[in-house]
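Quick one: the structure is below, and I'll ask about it shortly.
Here the chain labels run A, B, C and D in written order, and each chain numbers its own residues starting at 1.
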Amino acid sequence: MQRIINDPDNVVDDALKGYLRASPTLLAPTDHPRVLKYAGHTGDKVGVVTGGGSGHEPAFLGYVGDGLCDAVAVGEIFSSPTADAFLEAFRVANRGQGVACLYGNYAGDTMNVKMARQMAELEDIDVKTVIARDDVASAPATQRDKRRGVAGEVMMWKIGGAAAARGDSLDEVIRLAQKAVDACSSIGVGLSSCTIPANGKPNFSIEPGHMELGIGHHGEPGIEVAPLTSADAIASAMCDPVLADQDFAGSEVAVLVSGLGATPVMELNLLYAHVADRLEAAGVKVYRTDIGNYFTSLEMMGATLTLMKLDDELKSLLDAPARSLAITQR
Amino acid sequence: MQFLDATHGKEILEELVEVIVENRNYLSEVDGAIGDGDHGINMAKGFRLCGESIAGQSLSLSKALGTLATTLMGSIGGSMGPLYGSLFMGMAKAVKDKDAIDAKDFGDMLAEGRQSLEQISDASVGDKCLLDTLVPAIDGYRHALDAGEDFPQALQALRHGAQRGCDSTLELEAKIGRAARLGERSRGHLDAGAVSCCLLLTRLADSTERRLEKAAA
Amino acid sequence: MQRIINDPDNVVDDALKGYLRASPTLLAPTDHPRVLKYAGHTGDKVGVVTGGGSGHEPAFLGYVGDGLCDAVAVGEIFSSPTADAFLEAFRVANRGQGVACLYGNYAGDTMNVKMARQMAELEDIDVKTVIARDDVASAPATQRDKRRGVAGEVMMWKIGGAAAARGDSLDEVIRLAQKAVDACSSIGVGLSSCTIPANGKPNFSIEPGHMELGIGHHGEPGIEVAPLTSADAIASAMCDPVLADQDFAGSEVAVLVSGLGATPVMELNLLYAHVADRLEAAGVKVYRTDIGNYFTSLEMMGATLTLMKLDDELKSLLDAPARSLAITQR
Amino acid sequence: MQFLDATHGKEILEELVEVIVENRNYLSEVDGAIGDGDHGINMAKGFRLCGESIAGQSLSLSKALGTLATTLMGSIGGSMGPLYGSLFMGMAKAVKDKDAIDAKDFGDMLAEGRQSLEQISDASVGDKCLLDTLVPAIDGYRHALDAGEDFPQALQALRHGAQRGCDSTLELEAKIGRAARLGERSRGHLDAGAVSCCLLLTRLADSTERRLEKAAA
């Protein structure tokens, strides 16, 4: 395990120290060591909170900033933050107009958010939630409630964050974040495993010369383990289930290609070349493409593809200015 | 009638901490096969923290279990924080204000723990999770008492039930948690939560039995 | 080799196709397949050109954009672009006010730029160059001309690009880019090798449990191969030679921590926590910190640390707005 | 007096392309030991492209070498583009307008190639680079001619000089290129550029010799 860490059991706390020192205009500490908040001023607005396990950087803390999330609860590597942490994030994000908690569909997160919401209720903080379920590989469309959230969460934060920033009400922020989630279909492909530092051994295994289509962000098994093929074939294998998931034809879409950590960004662009061909052939119009490491899995090799079906409402929120570690646009 | 002295909760709890910390790597290994390989890390972190926070104190069993519950909920997060947190919180509530615990109290304590856990999770026996250990263990204990066996014999039944339940997860297909994604492929591996639950219940039974013996001696 | 590619010999061309399709508001094609230019309008100004081997993404093409470079020459993986490509980049960047070619000190780049400059002369394009030489591990301070350019190049592009954007003359852009280079001291540490796709085998080797201090961006050997230690010890080992290279004490600095590709960004921040301690102890004031994958080496694990000594002139250029794949700030 | 028919430049060039393409992996391997392992890739790419662009054409040696030079400069980049590009451009210029090349012309061609290369690189013999092959090869050829040997014998001297020069890089410490960073550690490995240069010169000599024999027969 070739890692730049101190005590493997303290990776998250040690990293947070660095994040806080490196990005003082974006991230500020709170009373809870595992909660960070936006360091700038946002004025009165609906608070936007997210949270999740660590190891997905820049998710989740990289989406705290202007026009995005106001606070984040930070969990151990690949493990939900505590209910305490979510509660504190609700508190610091709340400006009396309620809090939108936008997170991904993982059992731990769901339980901890549920407990935190109960506690927040006692403090009269109005918390509503949207749960990202964009991973088409994790359950069929008929069981959307079972799907995991993957890189579509980025879209959810961007849309929900922009809605809150422009002064939308809590219900409206929730509606729009939910709309973003519903408009997203994602799939991942893994080419190698990753190692949780405290664990010291790879989390699962992908044999060299193979890839796992539909892999989850923690190495959850996908649809199929197959021989590693060409980028074009991988692009097709990713496009097929994504295009089949919603009626994208004739629509404009935002495309997000995220690396899982160790795959060079060059290869993500290379992969995208054929994705673009496929979309064109399917009559899907690309409105905007973002490629980079937006939602990773430690040093896993691989990529995720997310399509978000757009309308004017979503487009304007997607294009709204933002400033954070992961997304800065003017 | 045999009683467990419930004023030495800290000492009992330290044994639970010990068994989890000792099995940190083993639990992660079990979780690694069909989960994400961090169960030992998560559990050891919470239990060790709890161990540190109770060190040097004198605590009733209820207080000790309550401290464990809030430490787990407040420190480990994941699924285990809320799940084990709820379990131990339920147990703590059940023995609140008790200085001595008889066989029936002990059974009630386990039952309340289970109830509390089931409020947060809608998993059930057969889903391949810690309930597969917990439920047969509690059932075994209850049946033993109903059949007129004594406290130590019921504890033995608890251990048997836990072990049997834990073993049963080997052949189960996971319906919950990360392993559920594996479907059929999750068979042939133990469930990590079932294993940690078995370790905890077994050690709790051992510790209780030893204390009963000591009290009798 | 777990890569998302088609023909290993066509990785660069295939990737460029994807880049162009993904980022049409930033990158535009030119008459030369290996030259990209900024897709937006910049008005009359000094042209800024860079170029270098591929495999360092987002360098070099990620620094083409508003307030940065106007055109880039793209080489094969880890190999200088051709003289032809540099020449075409000069042509498209030239708006009659001359071109500043800002690149790193590698033999191939130097030769190809030299040839391209000669050809540009015949076309009456005034090209001046600044060569980054910030890697303190590659030669002692007394032989600065032998030093390689590493992540300090990012500073050079930012400063030079901002100077050109505000309308500075060619001589002034060159002066400032050179000033940026001179103000930078960098060092890298490698934790694993990387594999050139067409080659199929790791480029060199770092034994598990070891690290190479002072490693170059292509795996050029460093100062020392040592057992892999803690992040804090690594931070110290990196700070020592960098702090010794210039008189930073009492000055403000910009800090850039760049990943080499596969090291999670979380670890870069973790590493930075102790860097910040060391700088504080040395009486160096951190004006600004940027952490991320700014200049990589395919899927190498490791990081580089760059300090740039600042004055007011450099600060204002560093903070000037920019928009590109790698740097967007408002 | 023996002459090389310089109107079949394309055929000679195809042999050079062949030897580089055949040794693609070997050259990368040599470069991998103390460089970045891409020498074979770089060279094969340029030579293959050149091969494609001359296919089906009828070219003089000068035109063929000129095409090689511009293809290398325009397509492979790196250090090899300008270095080998300059070398072959110098050679092409030296035999411009010649239909037949005698032993002296051949020597002049090599010498002009060297000069042209030295305009772009300030490397010298002993630096562990392609000059370590090129210079002894040219010197060997020149000495053979000066000693009154004939064209084929001089070509043999060229091959010997190239091989000796190439071998000499094994023990040299690199002073130039990526391998220079290794200092002492660069000893014990051949230099990739020296190897490719040796392959090229050897094949050029072989090809020339065969053509001389054919012409004589």
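Heads up, the rule we're going with is that a contact is a pair of C-beta atoms (placed from the backbone, for glycine too) under 8 Å apart; a residue touches a chain by one contact, two chains touch by 3 or more.
Given the structure is predicted, the values throughout are model-derived calculations rather than measurements.
Enquirer: What chain is the most remote from subunit D, judged by the mean position of CA atoms in each chain?
Expert: B
Enquirer: Taking the mean of the CA coordinates per chain, how far is subunit C from subunit D in Å?
Expert: 34
Enquirer: Once you find the CA centre of subunit A and the CA centre of subunit D, what distance in Å lies between them?
Expert: 55
Enquirer: Between subunit B and subunit D, tell me the centre distance in angstrom, where each centre is the average of that chain's C-alpha atoms.
Expert: The separation of the two C-alpha centroids amounts to 76 Å.
Enquirer: Which residue numbers or ranges of subunit B touch two or more of the other chains?
Expert: Within subunit B, no residue touches at least two other chains.
Enquirer: Could you classify the connectivity of these chains, where an edge means two chains touch, as line, ring, star, complete or other?
Expert: If you draw each chain as a dot and join those that touch, you get an open line.
Enquirer: Identify every two-chain combination in which the chains touch.
Expert: Every pair of chains in contact is listed here: A-B, A-C, C-D.
Enquirer: Within the complex, which stretch of subunit B touches subunit A?
Expert: Residues 28, 32, 36-38, 41-42, 45, 73-83, 120-121, 176-178, 181-182, 185 of subunit B touch subunit A in their complex.
Enquirer: Within their complex, state which residues of subunit A touch subunit C.
Expert: The touching residues are 1-6, 11, 14-19, 21-23, 54-55, 57-58, 191-192, 206, 208, 211, 228, 230-232, 234, 255, 257, 261-273, 276, 286, 289-293, 296, 298-299, 301-303, 321, 323, 325, 328-330.
Enquirer: Please give the residue numbers of subunit A that touch subunit B in the complex, ascending.
Expert: Interface residues on subunit A, with respect to subunit B: 9, 53, 75-85, 107-108, 111-112, 114-115, 138, 196, 198-199, 201, 203-204, 216, 218-221.
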